[in-house]
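Chain lettering (A, B, C, D and E) follows the sequence in which the chains are written, and residue indices restart at 1 in each chain.
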Amino acid sequence: MTEQKLKIAARNVNVFYGAKQAINDVSIDISTGVVTAFIGPSGCGKSTFLRTLNRMNDTIAGCRVEGQIALDGQDIYASGMDVVELRARVGMVFQKPNPFPKSIYENVAYGPRIHGLAGNKADMDAIVEKSLRRAGLWDEVKDRLAESGTALSGGQQQRLCIARAIAVSPEVILMDEPCSALDPIATARIEELIDDLKERYAIVIVTHSMQQAARVSQRTAFFHLGTVVEYGVTEDIFTNPREERTKDYITGRYG
Amino acid sequence: MTEQKLKIAARNVNVFYGAKQAINDVSIDISTGVVTAFIGPSGCGKSTFLRTLNRMNDTIAGCRVEGQIALDGQDIYASGMDVVELRARVGMVFQKPNPFPKSIYENVAYGPRIHGLAGNKADMDAIVEKSLRRAGLWDEVKDRLAESGTALSGGQQQRLCIARAIAVSPEVILMDEPCSALDPIATARIEELIDDLKERYAIVIVTHSMQQAARVSQRTAFFHLGTVVEYGVTEDIFTNPREERTKDYITGRYG
Amino acid sequence: MINSSWQAPEMQRRLARRHAAERRFKALGLVAIATSLLFLAFLLFTMLRQGLGGIDWAFLTGSDSTDATVAGVWGAAKGSILTMGVTLALSFPLGVLAAVYLEEFAPKGRRWVEWVEVSINNLAAVPSIIFGLLGLAVFINVMHLPRSSPLVGGMTLALMTMPVIVISGRNAIKAVPPSIRDAALAVGASPVQAVFHHVLPLALPGILTGTIIGMARALGETAPLLMIGMRAFVATPPGGITDPASVMPMQIFLWSDEIDQAFVQNTSAAIIVLLVLLMAMNGLAIYLRNKFETRW
Amino acid sequence: MISQFVLLVVLGLGVAGWFAARAKAQALYTGRGSLAAVPSYHGWHMLLWIVVPAVLVWAVWGGISPGLVRGAILADPAAAQLPAFDMERDAILAEASQLARNPDAAAFNPMAQQLAEVVRGIETRFAMIGAALAALTAFAGGAFGYTRVKAGFPARTRVERATLMTLLVASLIAILTTAGIVISLVYETGLFFRHVSPIDFLTGTHWAPRTGFDAELGKDFGAVPLFWGTLFIGAVIAMIVAIPLGLMSAVFLTQYASATMRKWLKPALEILAGIPTVVYGYFAALTVAPLVRDFAAAMGAENPSTESALAAGVVMGVMIIPFVSSMADDSIAAVPQAMRDGSLAMGATKSETIKRVLLPAALPGIVAGVMLAVSRAIGETMIVVMAAGAAARLSANPFDSMTTVTFQIVQLLTGDQEFDSPKTLSAFALGLVLFVVTLALNIVALRVVKKYREAYD
Amino acid sequence: ACGSGESSSGARDFVRVVGSSTLYPFATAVAENAAKSAGIKSPVVESTGTGAGMKLFCAGLGAQHPDIENASRRMKKSEYEDCAKNGVKDIIEIQVGLDGIAFAEGTNGPDMKLTPVDVYKALAANPFGKPNTAKTWADVNPALPAIPIMVYGPPSTSGTRDALAELILTKGCESDPAMKALKDTDKDAHKKVCTGVREDGAYVVQGENDNLIVQKIAENPKAIGVFGFSYLEENTTKLKGIPMSGVMPTYESIVDFSYPGARPLYIYVKAGHLKAIKGLKEYVAEWAKSWGPDGVLKAKGMVIAPEDVRTKNADVAAKLTLMDPSVLK
């Protein structure tokens, strides 16, 4: 059993794109040692909410957040907050893989380099190798580390982005459908990784696969139309949902 | 039972990215009335092969194709081939959703407009609505057709791209993981669509979900390291694979 | 029954029409570029025919003289090189930094930011002679920098070149997909790091384009230099950026108005030298631009 | 000499400081999170503290020391018999100082020779003081910087703040330049408008600048034909040439030409921007203008003039082709490949893809290029001087000769006349009004681009 | 600052000349010779136009201001006052030669023969106070060919244009006694009627590039041009002179003023700079050496001044006698 500790506490969060409300009064706890899964139909606000957790929504023009989100008790939307540090501590894997148009090596080494995590070239090599290995990409790319990260297949790019995110060992890792372009074996590898990471980190994963949510997560939040319909222990949600809507969704009877 | 007719015949196809061979001697038949699924681990060449079928690989610098691919008996790599007509007849949904930075309406109307499929505004409206409905996106976007296609969620973008592709009613539809960002309900909708389309069209779908392949396809090709290890009737492949590698992959024991 | 629509004759006709349009469009493009290049070729041919005979070692190493057989181009060429050096040293960093600020860091929607934006765009439209007036007023009359010097010439031309670099730079920066910024920010890069490590290298080709055309314009410019004393007879090549100097286009302008017909050849020869100088100046930038061009 | 040396030393100190601070920071590193910033940022922070204040001190010293040196020399008994007249004295002092640096040179003024030794001594002394001050500042700055190297010190934030300041200052240069232009034009424009009413100036259609002040002046300073000529030649004729040629060239280069072809042709086009305007002027006047005239004569025009707006405009258009083509080329090339693929996969032809997807997505860049080109054309002088004539005429016939604002400004400012005559002053008024007009155009363009921008990704 | 050039507080070790574009080719030739023979550093000669040069010249004493002003006309009283206000009181005025303006046509031209009255009637905006309606030369004078009036000439801002106005147009204008009388009653009206040039395209203003005029009229047999005499002399293969009142523009006819259209050229030297600027005296001396009948300036196309003017000015150049400002207008 891993130690559980409250890491991020989101309270009454509302998110707007211009005038349109995309997230409506969502409150969720994210803890270290726990994998939290966000599930819900497409367009319900999972990615939007995920982005609020490390303020990546700042980069979207017209996006506005209300409510409180605290990381280790500290309001991340407070004016004194150092966003850079926040994002270093709360890493993110995007829904659409977005490798840098640089070499595969540089893609992974970038984070460690700016955070000074490697003292020398050998350290860096080790970090890159380890990250790529954990993302299950090492064998496929070890001979072509100098090739561009954009010349990889869809699934390879996705794993590259995962490797890039874990290379800086953030405290919280937000993953937006990290396995959407992966085959079952690669998926299993990432799930293993998640299992592995959760010992020390807080992990949030958005997924469309109920099976995956059930396999890897301990907490699940079911989003629907911008609200969290149900949030609780994964087992409960899947075996004994309190809400009708949750049940419908899980059993695929929805809509 | 739908009528089956050979549509695309690929024979001894090799594809190279520069010096690197990505596809090795692949021969596959694609027929109207049949859904063909490509499965295989990430990076094995599924997308690469798919792109050769409507010559989208032409746009990748350094990509070279050998072997023969015939559409209705006509070599699509022959010098007289009209690529524009080819691509109009062989539509494609890309792995990474790529909506145009135009309104949702314009995204779907784009194809019909250039091919002159709509006589007037009402026709066009009808085509747009029908396509969006079939892709299961209509309800979510019917009030915001003028918004940019890039302001949609990941799954919505994916369905928009599907709607865009079917709007021109191609004879063959190539779909590269069309449901990767979709929840089970939306996935079911797309699968329904595929089932529906296959009556009159030839459909190829790349998927990482064995269940999906088993559900929607009648033929399956298992790719591995650039070769087709096994190609045949879906049921046979899943219940009684001839090759050890196929079996390992399907049962998730691979790697 | 299957294949109905695409094989239908009216569909085929439409396709044929579209292909015809495509061919027309491509031909138009070809004609456009051929026209532009023909113009260039014609100019070059005329210059070469008239001027090639005038280029010899003495011409390349000499300075201005009233005797056409003695007059050489080195004095003016050196003046141009020094002037362009000053221009580049000022306008490139200033232009790039301003572009980065305006595109990435300036608070959006503020009045003063809009003013900066508009005034930079507007500076590009200010007649070059007005920059000459400004240079005269500020650099010579207020700062007491030496008249006719590459320093003042370069500073004046830098004011003119900077807007071109800023405008092209901003567009290049704008064209970098937001997902690249997102990727950098999400691994904990600061906005400054994201810009300098990722956005700027990707925008570099566009910035260099602006630099190339801006500098080319500066190199061929005469009007503002009239005002700051570079329309002058200078028989000794400048020793440094504060010495009196002329520049190539000015030399060409002066020679073209010489009474002595023997200067006609010198004029053309000087134009050839100027173009060679231009190509040399652009060479590095073009090399870098080709090197950094990435498609995503 | 000494100033290069001092700069080198300060830079050297800066580099040394960079290494020292980085090393110290590295030593403080005990594991992840133990340092608030990467060691090299501590290095940069230190380097800034060493170099910036020292260079500032040296620059200030460079500003005040000549006065001090001069005072010291004049106080020297050897300088007693220097002439009192300032300029002559300056000349001797300057020569002495030159001799001090280069003792072998022959003296023009014998007194300079005598003073050379004294001057050398004093100059060296003051230079040394300056160098010492700069070095001290560098050390002080370095010492301060070094003490700041602590585990919790946010060096990156500080360095980035300095970077942002630099960026801000760079963009403010534009405002300064704008202000400078306005200020240098406004005063004289004011003088001009005291004699000629702005209404006459802005609405009058008769332009015949002359000297001497009288009440009738307004009738001869009607600037409308000039602005008309400027717009007609620069924004209409030149653009009719440049936009299609430039845009189509860009399209051809990015979409149809092979990579090697593009690599060679794009720079070739860019040469067009660098050909001196005088050359274009000759070309326009001697090659294009006669052709245009013959054409006009063939069209039945009676007594067509050799000078024509058309000749000037066409050549100007050619000159600015690269502004349109290169910027459009860059913008089109920057549209993500996925957009292109999306369109091609729909069965669109290349030209349809270009027209419907690429050009709209690249619009901001294309508009910016066109605006730059228009700007350049409006500000162009020489071609007009040589090929368009100087007749201030309000005509829509491109075969007529016309004149532009810039041409008039050059004429009015470089010719022979008193500099406080209404003629000269009108040049400033022309400049200012043109400035305001282009400003308005730019504001409109900015709004339009903002409105139609298609953001991808 | 590096190099040996001027700096804000220091001195200059070369002569700086500004002013007329007409004098530019001569001033540069003198500069070159001075550098060669007197061993001074080559003077820098700037072509700014007389008026703009005056402004620079009069801005003050000191290394940052020019030493010599070339003028294709005499300094005006207002200009001297400006000079004096800025401390430039001691000025040496030297007449260095003459410049002739010439009317010319292409060698295949119609063999025009003009008089100042013809020119005035053809070019004036309001000849004798009435609007100009002449379209062809025949409208002006039936003896002339019926070809359209098209005259290329200098812009209103140049010294050559002043000469055209003063020496030809005013003369033609004053052929009418009423106009001559007007001069005494209403000076401004006189100036307007006599020197105002039409703007309907018959008079084509060409920027200050005389070679361009030469080329344009050489190619257009119907056009005639007005420019400095030296350009005619240099281009005899392409152009021929047009006789004015029966006198061809030749060197001799200009020197003896029988061809209407010669004006004096001056240089103005700042006395206050003589001691401070290395080479200034030598440069002035070189002028005196060059302006004689066998000097370099004649070869360059300048019209040399009459003997008595030369001796008088040689004396001024040698003694560096100051100008008496009261003679200026």
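Rule of thumb we're sticking to: a contact is a pair of C-beta atoms (placed from the backbone, for glycine too) under 8 Å apart; a residue touches a chain by one contact, two chains touch by 3 or more.
This is a predicted model, so every value here is computed, not measured.
Chemist: Which chains make contact with subunit A and with subunit E at once?
Modeler: A chain counts here if it touches both subunit A and subunit E, which gives C, D.
Chemist: Following contacts chain by chain, what is the lowest number of steps it takes to reach subunit E starting at subunit B?
Modeler: 2
Chemist: Which chain has its C-alpha centre farthest away from the C-alpha centre of subunit D?
Modeler: B
Chemist: Mind having a look at which chain is the central one, using mean CA positions?
Modeler: Checking distances from each chain centre to the full centroid gives C.
Chemist: Using each chain's Cα centroid, which is most distant from the centroid of subunit A?
Modeler: Centroid comparison gives E as the farthest chain from subunit A.
Chemist: So the centre of each chain is just the mean of its C-alpha atoms; given that, what is the distance between subunit C and subunit E in Å?
Modeler: Using C-alpha averages as centres, the distance is 38 Å.
Chemist: Using mean C-alpha positions as chain centres, tell me how far subunit B is from subunit D in Å, no decimals.
Modeler: 53
Chemist: With chain centres defined as C-alpha means, what is the inter-centre distance between subunit B and subunit C in Å?
Modeler: 47
Chemist: Multi-chain contacts in subunit B: which residues touch at least two other chains?
Modeler: 84-85, 88-89, 96, 114-115
Chemist: Where in subunit D do residues touch two or more other chains at once?
Modeler: If we look for residues of subunit D contacting two or more partner chains, we find 282, 336-337, 349, 352, 410, 413-414, 455-457.
Chemist: Of all the residues in subunit E, which ones touch at least 2 other chains?
Modeler: 4, 7, 48, 208-209 - these are the residues of subunit E that touch more than one other chain.
Chemist: If you go through all the chains, which pairs of them touch?
Modeler: Chain-chain contacts present: A-B, A-C, A-D, B-C, B-D, C-D, C-E, D-E.
Chemist: In the complex of these two chains, what residues of subunit A are touching subunit D?
Modeler: For this pair, the touching residues of subunit A are 82, 114-117, 119, 169.
Chemist: Would you pull the subunit E residues touching subunit C in the complex into a rising list?
Modeler: Contacts found on subunit E: 1-8, 14, 16, 18, 21, 24-25, 27-29, 31-32, 35, 41-42, 44-48, 64, 208-211, 228, 230-231, 234-235, 300-301.
Chemist: Please give the residue numbers of subunit D that touch subunit C in the complex, ascending.
Modeler: Listed in rising order, the residues of subunit D that touch subunit C are 156, 160, 163-164, 166-168, 170-175, 177-178, 180-181, 184-185, 244-249, 251-253, 255-257, 263, 265-279, 282-283, 318, 321-323, 325-327, 329-331, 333-337, 349-352, 354, 362, 364-365, 368-369, 371-372, 374-376, 378-382, 405-406, 409-410, 413-414, 431, 434-435, 438-439, 441-443, 445-446, 455-457.
Chemist: Considering only the defined contacts, which subunit A positions touch subunit B in the complex?
Modeler: That would be residues 17, 39-43, 47-48, 95-97, 140, 151-156, 158-159, 176-177, 180-189, 208, 210, 249, 252, 254-255 of subunit A.
Chemist: Mind pulling up the subunit D residues that touch subunit A in the complex?
Modeler: 26, 29, 32, 35, 37-40, 157
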